[in-house]
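Quick one: the structure is below, and I'll ask about it shortly.
In order of appearance the chains are A, B, C and D, and numbering begins at 1 in each one.
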């Protein structure tokens, strides 16, 4: 459906404390994403997930239903308070694979969980954006996860590195239509 | 979060054609659910899933973000056009298990897929409502899926049978707080 | 590979106590299955799963590796002591969906968990056998889970009802090649 | 159960061609693993998965049931011919998460799929071994995937780097009991 909003996943360190650099980046990003017309998807818990969700709620364009959390546990009540739509899965860490199916994935720092999401999103041929900060987002920013040609039509396909929410929004605006079109054109990933 | 809307899954025959009895029931239910203040969750495809989603869009209280679809495939574009939030999973029929994690599940007819969702929702101690029509919803309406005591505090726990959207809404209004409280009080399912 | 042994899942009540009717039936079945040249797959825990595994170990044809358990938890040590190959999944009850992918599924009694496995196995077009005893196996023995034509070439496709291990073995011997061939010939389920 | 064989996953490039370096390393490793008393688990398809399985079959200690494949698709027949126990999952790439639940995981080269398995195995506190060759195994050999303290009792916890099957076997012999004990002692990961 042409008018359906894009779903942008924000991933990263689930233990980042309020006021830390990843937290502040995630909060700013969440707000900008919603004002740019996106919905946001997270793993529903704390740290970067909570910060992005809180930021989304502050956006001028915020409306209920814009912040979606996919939880590892069985109980919708496990989500942080900023999540509008709380989807419990009972999948544990495997819910990471669901987060990796968003239209685009933006990583802010992060450890092994974030790394698993980046790897799976790469396999599923999603648009990937990564902040150039400590953690796996910084290590993979500007690189390709492996040598496969994900899209013949996108020679500079990569994990796009950014430093600010504004840069992330710019990448998404330019690249989301290109990736959606390339996925449609190509064989399933 | 106290103010988070309940997520009510509508499940049933994915091949029901427009105008068939399950379709009309699902469409009426989708509309009533949204006007009663719920979000709806479906498997995102056709038949009952599409009808409930279309009905939801017609509700006076409809706002974008109210209709959520959890897709079996890898591609968000696979959802019916009435889905606001399309979550591809790549899980195939196992996405049924995610649908079964909604706050409440309402079944309208249905075959083996619907049956798997009812069984899993029963295991996960969800509130279950079933229309008394042909198919598994009718066969299980008014019964218990098995003998386990899901909640000591709810002696009449069962798959609650209904004939109309109005009755379904009544069950949800009365029972959702009771089941949420019982799940919180009890040990995890 | 022609010589690969068939994998037959035994499902049923996970709380059946030693010496109960489902337990004795499962134990006898496990032994007969292995002597008939099959491997057995269970959910790895107690009741019917444990009984079938113990029976398998008593078979004259038993060799290590014949008894496989797919566990809901993260830890291989959670399996009953008769399991040779313990596969932890971290999937919780969703591991039922993996059990439902065996070449054939034999149900002995059972509640909602067993029901979810039968429903998913039906969707995945597996050969289904069910004991005519209390519980979901007895309720579905001799019936079809829904009206879909799973295989044009098998007009009597159904959940085959049996009373004894000998009858179950007979169904498997006759039907496994037929179902394998029909699945290969048909479109994916 | 004390006498249950350890399950060692071999992961890596699924497109490695016969005779390539990863193929030869995997084949040698598969053989050595079985002769050291382990079962092997792979994703059941080609490249490193097939090579390790073929090697396992050549082991003096090989017995049917030692080579287990967890397939992404619905059909057991999709496994390479050396797999004894073929478990179709219908999970697509999410079956990687199941492979990551083996007792130990040994990586030989590999791209994004292998990376997702290493990341998930790290989260699930598995013993990890990686060959120092091109690909993600080489990049992570001798490092920690992130800063978390997985086990207070194992200060040198890391992705253990190796060059040969002999070295891999040595790490497994020394470390498997230590990791099993530490997982039992610690809180769930």
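Note that contacts are C-beta pairs under 8 Å (C-beta built on N, C-alpha and C of every residue); 3 or more make two chains touch, one makes a residue touch a chain.
Here the structure is a predicted model, which means the values were calculated and not measured.
Trainee: Stepping chain to touching chain, what's the minimum from chain B to chain C?
Mentor: Counted as steps through touching chains, the separation is 1.
Trainee: Can you name the chain that lies farthest from chain D, using the mean of each chain's Cα atoms as its centre?
Mentor: B
Trainee: Counting C-beta pairs in contact, which comes out ahead: A-B or B-D?
Mentor: More C-beta contacts join the chains of A-B.
Trainee: Roughly how far is chain B from chain D, centre to centre by C-alpha average, rounded to an integer in Å?
Mentor: So the centre of chain B lies 40 Å away from the centre of chain D.
Trainee: So the centre of each chain is just the mean of its C-alpha atoms; given that, what is the distance between chain A and chain B in Å?
Mentor: Distance between chain centres, rounded to whole Å: 28 Å.
Trainee: Two or more other chains in contact with one residue: find those residues in chain A.
Mentor: 74, 90, 93-94, 97, 124
Trainee: Which residues of chain C touch chain D once you look at their complex with the stated criterion?
Mentor: Residues 1, 4-5, 7, 39, 41, 63-66, 68, 70, 74-77, 79, 81, 83-90, 97-98, 101, 103, 124, 183-184, 188-189 of chain C touch chain D in their complex.
Trainee: Provide the residue numbers of chain D that touch chain B in the complex, in ascending order.
Mentor: 74, 90-94
Trainee: Using the touch definition from the top, list the residues of chain C that touch chain B in their complex.
Mentor: The contact residues of chain C facing chain B are 93-94, 96-97, 111-113, 115-116, 119-120, 122-124, 135-136, 145-148.
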